[in-house]
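Each of the next two complexes has chain A plus one more chain, namely chain B in the first and chain C in the second.
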Partner chain A sequence: MTMWLAQSNAWAGIDVTRHLFLFSPMLTLVCTMLAVVACPIIVGRSAKTIGAVVVMGIIASFILAVRVAGEVAGGGISGLSTQPASGMLLVDNLSIAFQLILLIFMGGVTYLWWMGSSDSEENAPEFFILLLGSAVGMGLMVSTSNLLMIALAIETASLPSYAMVGFDKRDRRGAEASLKYLIFGAISAAIMLYGISLLYGLSGSLSVAIVAQHCIQSLASGHNLVITLVALMCLLSGIAFKISAFPFHFWCPDAFEGAKIEVTAWLSVASKSAALILLARLAMVFCAGVSAPEAIGMLSPLAWGIGIMAAITCTLGNFAAYKQTSAKRLLAYSSIAHAGYMLMAIAVFVHPHSDHGQEGMSALLTYIAIYMFMNLGAFGVVAMVVWDTGSDNLASFTGLLRRAPLLAVPMIICLMSLVGLPPFAGFIGKWWILVALGRLNDSLGWFLVITAVVNTLISLYYYMRIVVQMSLRDDGQPALSFPLGGMALVNICAIALFAMFGFAQPLKTTSEQFTRNIFDTTMAKTVVVDAAPAQPIESVQR
Partner chain B sequence: MMIYQMTALATTILASAETTNVALHTNSNLELVLGIIMFTAAGFGIVFGGLTVGSVVRPKLFHPEKGTAYECGEPAIGDSWVQFDLRFYTVALVFIVFDVEIALLWPWAVVFKEMGAPAFWAFIVFFLLIAIPFAYEWKSGYLTWVRASSGQRHKPLLKDKVEMAAGSTPA
Partner chain C sequence: MSIETLKLCGLVILLAPLAGAILAGGLGPRVFRSRSHWPVLLGVGSAFVAAIVLFREVYTAPVGETLAKIPLYEWIAASTNARFNVELLIDPLTAIMLVTVTGISLLVVIYSRDYMRDHGQPERGYERFFAYLGLFVFAMCTLVLGGNFLLLYLGWEAVGLCSYLLIGFYYDKPSAAAAAKKAFLVNRVGDFGFGLGILLIYISFGTLEYAAVFDMVQERLLASGEPLTDGRLSAIALCLLAGACGKSAQLPLHVWLPDAMEGPSPVSALIHAATMVTAGIFMIARCGAIFAASPLAMTVIAVIGATTALFAATIALVQTDMKRVLAYSTISQLGYMFLGIGVYAADSAVFHLFTHAFFKALLFLGAGSVMHAMGGVIDMRQFGGLRKVIPWTFMTFVIGSLALSGVPGFAGFFSKDEIIHHALSAHWLLGGIGLLTALLTAFYTFCMVFMAFSGPERIPEGVHAHESGGWMIFSLLVLSVGAIGAGYLGVGGKVFHHFLEPVFAETFAAHMPTHGAVHAVAHQSFWQAYGLMVISGSLAFIGIIGAYVMYVRQPWIPGLVRASARGTYDTLWNKYFVDEAYQAGIVEPAKKTGELCVGLDNYFIDGLIWTVTAIPRGLGYLARTLQGGAMQGYGLSMVAGVTVIVLLVFWCQ
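Coming up: the complex of A and B.
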């Protein structure tokens, strides 16, 4: 196959087979999508059939991703281009690590869907086309450092999400949530595209590495300063929307409350962490481009910017969660707060005096892996309460410890883990971010450490509210009936949280392995800018 | 004549700015801005100038027949502010998909000889990506104009619509 692929000139510089292999996990998901579309034509619209096809696709994709992870362990490639330094897609440890997490999580969400909706759902093919589509978009988001691909990937992840939120056409709240999400998303996408077009105009390149060099030059020299900053802000706002960071978080509670619970769980972890990894990669490329001593000072405001955004995001999320009575909405605000904690890790390696880039990065990756289990468990329990009682109000959690102890105990574990209390994995995730921040040993680091600790204390209250509702209050509601498989799922999540705390050291080593080489492949330092880069438009500012 | 001269000047300036792009100096930058301003002004001028001249010159003879949508003697049914049937959009979407496919087929056909077999298979994959969803759409019945689904509500017939639109006028 390689032979005949290499015959033609246009493909000569690319080892197509290898590149296709490295990209195979996402391609498998696309093929699964096609299979799901083909199902109604060939075998019918049965939800169970569709679910089985999807699960097979996820497993195949996961196996391939594991093999690709072995392939890129020694260093990633920037591929599908004859110019290795500025490829459209990157496959490296980081992107593969995220794709593995994403696939596991998608398996969990599919299982949750199987428990709850597969009996009543008439539109299973459509649901899974959307789910797989957004998964492909998220997989692409983490494996690119090209502005065009970033925009495309964010849209690929977003558009199915809008439709998924309003998937149940008869549900008016879902439709409203979907519309709000869509309008917010469309506007931030427009702003981001505007920023990207400005960056392209300024630097003449879509490769973030080259764009970063131009930006740093203009930041250091003050030439085109304002327009560069505006363009960067616009780009950031598009990504911050996906993270639901502070000024762009408004869609989050409404969309999460209106959506079906599986969709809420999916969006709360997958969409946010994909955007966080994307932002981390961008930040990494920018920092790598800074080598001139006079430009290093330029990073400080950037680090402070991200740090303050993170601090406001998690404080706001925690305070807003205080008075919520809907469990979905409460967990939505909690996910905003957690996005804030994870943003702090990014502030670590943007910091000019930080030699701990990898530390911040591995802390972020660990946090995402842990956060996945915490949220899957918590949303799983909420889902089962909703399926039985029909309401996600906190009142329907009353006395859950008696009504369904096998759900209440994992729920308590997940909530304590979300607070960040030992002996649960949430503590580990938070601890490493705090360690990375503390090692900065300057005002930004300590400011963020104090913010995170104070926020943890605040968050204790509202998570405890659910715990108290479940354990100390009881108004004699009948015992909960729930699917055994769902009970198994949330218990596995709870056990995983214990296990990850117990095996904290292997977890750390693994995530360090997965963030080991990324600082080489995406680094602007290794980029050989071609002899004649396109001429930037001169001095738009004047 | 003046507009022609202005346009000619603007194109010259723009063309020169493009060719001297490698060594942009402040002077040509100014010329570029000037050119853009002139282009914009000429554009506005042609549109609004034409409308103004037309409104002054043309005879003003109103007649109810002239106000109708079709002046060819075909009486209009109802007004155009009705809600369009969703089925029109489905057809439009399918059209767009194949339109885009044709647009992508063109550059592919141009380089097909050089690229050889990989290009063929690449396009087969792309074609499947469109063909399978199309088959899905067909199978699901979204292309059938009159759908035989029992759940659908009874839609008013065209005759009823005409009568409703006619309103108070006696039949």
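Coming up: the complex of A and C.
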């Protein structure tokens, strides 16, 4: 097959083996999925066996991803195409960085699920097929700048997620949450596809770089202005749904509360951050096209739009978390708020005066990496409390500091880190975003800085409620029994948060490396190529 | 100065208390039990010894070489011009603070050995208490030793956390839990400003290292090469000031400190009187380059300080809870320190900080000793005439009171007098407020002394009153020596001020406005210098005599005053209704907003569903399940939300 591809005319000059290697992390996940399908036939449905297979798959994928990271460090590569702009997929520092984070996180979630499942657990294969499927979708979301692929990737990520939320068929709440999530997702997908079709109609291309140039032209000239704006808004809606940004966040608390805790943890980090990276990439490509002075002014409303969306999202999330009594629901609102903080980083590089694009991008990536540890730790503790007490109500946390100090202390660390207090990594995450915003030194930047800082203040209150419940209240409940492995997992998260604060420099350097060439290569090259007569693009598309 | 010695001392000061805290907290419940004070005692003790060695190093260093930076490791090397290390900064100011903090902490730990016991048996949470104390000393020393704003902030937040944990130590008492929460939240308001200030500094100067930032402020240059405007400098200074107001309990963020007295008395003495609350003053002194360069900020500091000093002193007049009187006097004395800094006399402010630490710790520990003897009762209406019952406590308490009142010869007199002197030179009103407050201070302090110790012996029923144990008396005696002697470091040869001179030479001293009145300070006559001493000394005596007349000679006067000035009395008793105003103006609206946001997600949707489905219902269409309706509601809210964003974008543009 490789031979045949190489011989055929369209693929001349493309090193197919190399390109397959570049996408091998995701391909490995697909293979793992197939292995999980085969497992029940060959070795049985034991949860532990399936878990082991999945973990092996994740490790293999991770190793490959590390090797690919070395390969693309110097610049992004557009998949199976000689034209950087026209490949359906692309691999660059950003996408591989996210895939690495995703794989680590998936390892954590798998481990959590593995510990929480009983020996009689029958549905392990189904669960992991869904988990792997959504992971592949998320991996693809960040590795494309093609509208069709974006739509496909989002759906690949979403469909398994709907099923995962309602995975426990006997749980009525889960089923209801799943249905809500599904309908809401369907509406958003429809809106987004409508937007994509409009954009295709306007520009005749599905490549974001080309679409962006058409959009900028019409924005600058006023030709097709309204329809362009509507189309962009529709596209943004679809992504905002995945980010759960205001006003597309309504599904989030319901779905998070109804789902099993491992699924909630998975969605709160993986799904949101994939969508954030996707939006960041779109914004990046879009802004790269804007070089003409007259078009720069067009970016200001976009920056304000994302900025206001971010500000409302985090304010609303934080305020709504105030009165929650379910830990899962509280963390759901907290995850909405955090999506807001991360959106602020995107507002940085959509900004017309911004020459801090990379700063914003690396702040976002740092935040995602830290956020992963904070949420994995917090959800891990909640999960273990739920397993033992059967409830995620805050009352179950009463006196946890005495009942299970080895869970309570990491929980306090994770919560303090979510607030953004030093000496934990959450502080670093917020710090870089705020610095990037402050450097804009204009009304939007300061508006967002103030909003974020005020929100930190507000968020302290409800995170403290859990801390107070754990440390300052005690109603003499018996000590908590929990799996040792789970205790180790949450403590590793807590130590990681501590270490990422103390050794901020390696973290910063790494995230800068992983955001380095995406600005130089992906954008600059695409734009240069697009400037040339666009005949090969047409041929590839058809 | 040998860098190696300093580094060793710095590390011991930081790590020994931390190690003590970890040992007490980790092994306390199982291994140490009733001996849990030992690891912390040894840890803080070694920190104190190290602080003395460090002080000696700095003191004996030749002029011009009293500042040392000790890098530990590189924390961030963000870009070419913005790298900074985790490093310690040691200069005379640090040295003085370290000796004060570790010294008082050591005495408080010794005192707590007996205080935290009930009939010889350790109280519940004994080891936890000592672990928190050790942690606090670590945090406070980080704050003081840190060579950049990040370590300052880290220590700042950490002392806040320890304070929270210790205020809420008796967490099964609802008032203690509420007080802890209040302290935490009010401090966050200040820290909001503080954090913002630090962020502004980083964005403006591209670094967080003290030396680099202060140099750029002196040169009036931003990292981008643009000139530093007055507006930006003032914004930074005011943001930092907000943090200082929170930590040092100045108006309008003073409300948490009186409630913080719910914590054990040693904690009140250490954290809420002698050390942590002075962090705000320390920070302003440390950032002198920033503050002194902004006349606006300096004026604000002076005004806040003077107002707070008077405001808190008036409230203290009518309180009957011994620890509350002391808490308001602390706020008032911190106001003096602010006032001192505000009139560019930072060395006097730090001097007052130093002397105040001794006598206020002494008074709080004395109050704790009274409380211990009275079986936990601290309301002065319930007991009296204790001078025979607890003679040692009585004696040391009077020494502390004399120092606080500013009676000549005691520590408080010298330092307070200096501040009033400088305030008078700056503006007659500031000085006048200072003098009036001095009078009130002497009065309420001795009202307290007479109420508690003079007259016939009255002891709450069922209480076996007894003098405190040897560990407690030891601490009280050592502090008494400090409360008498500390002031003499600042008179005559002015040893204290000369030692501090290099720290403030280029900041406060250099920026001091040199118009007429202040200029005269240098060339004052004998009467100018000593006239004020006579005045403030006599004010102290007048206050004490007033208290004597009212509470010992003619005890019917207080009742008469209370009856004849009902309105004023009630206002003071209720602390000017500030708490109530905050409750109505801030807490309730915040709660309402929270409910609104939840409502938006629950009730508003339901309302929308109802509205949206009203017509179909009327028409007989099916809208049977909540599901279908809810989704319509969600969809509609989505459209509404998008509209809101679009409108906001147009509005903001």
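Rule of thumb we're sticking to: the second predicted complex is superposed on the first by the 510 of 542 C-alpha atoms of A that agree within 3 Å, B and C clash if a C-alpha of one lies under 4 Å from a C-alpha of the other, contacts with A are read in each partner's own complex, and residues count from 1 in each chain.
Following the convention adopted for this analysis, a contact is a pair of C-beta atoms (placed from the backbone, for glycine too) under 8 Å apart; a residue touches a chain by one contact, two chains touch by 3 or more.
Note that the structure is a prediction, hence the values are computed from the model and not measured.
Novice: Could you look at A:Arg473 and tell me whether it touches chain B, chain C, both or neither (first, second, both, neither)?
Specialist: In the superposed model, A:Arg473 contacts chain C only, not chain B.
Novice: Which partner does A:Ile308 contact after superposing on A: first (chain B), second (chain C), both, neither?
Specialist: second
Novice: More residues of chain A are touched by which chain, chain B or chain C?
Specialist: Larger number of chain A residues touched: C.
Novice: Tell me the contact category for A:Leu34 with respect to chain B and chain C: first, second, both or neither.
Specialist: After superposition on chain A, A:Leu34 lies in contact with chain B alone.
Novice: Taking the superposition as given, does A:Val16 touch the first partner, chain B, the second, chain C, both, or neither?
Specialist: First partner only.
Novice: Is there a shared patch on chain A that both chain B and chain C touch, and which residues make it up?
Specialist: none
Novice: Spell out the residues on chain B that touch chain A in their complex, using ranges where they run on.
Specialist: Residue positions touching the partner: 21-22, 24, 29, 111, 114-119, 128-129, 132-133, 135-136, 139-140.
Novice: Write out the stretch or stretches of chain C touching chain A in their complex.
Specialist: Touching chain A from chain C are residues 74-78, 150, 153-154, 157-158, 168, 171-172, 177, 180-181, 184-185, 188-189, 192, 195-196, 199-200, 202-203, 590-591, 593-598, 600-601, 605, 627, 630-631, 634-635, 637-638, 640-642, 644-646, 648-650, 652-653.
Novice: Please output the residues of chain A touching chain B within their complex, sorted ascending.
Specialist: Residues 4-5, 7-11, 16, 30, 34, 37-38, 40-41, 125, 535, 538-539.
Novice: Provide the residue numbers of chain A that touch chain C in the complex, in ascending order.
Specialist: Spelled out, the residues of chain A in touch with chain C are 176, 179-180, 183-184, 187, 233, 237, 246-248, 250-251, 253, 300-301, 304-305, 308-309, 312, 316, 319-320, 322-324, 421-423, 431, 434-435, 438-439, 441, 443-444, 449-450, 453-454, 456-458, 460-461, 464, 468, 471-474, 504-505, 508.
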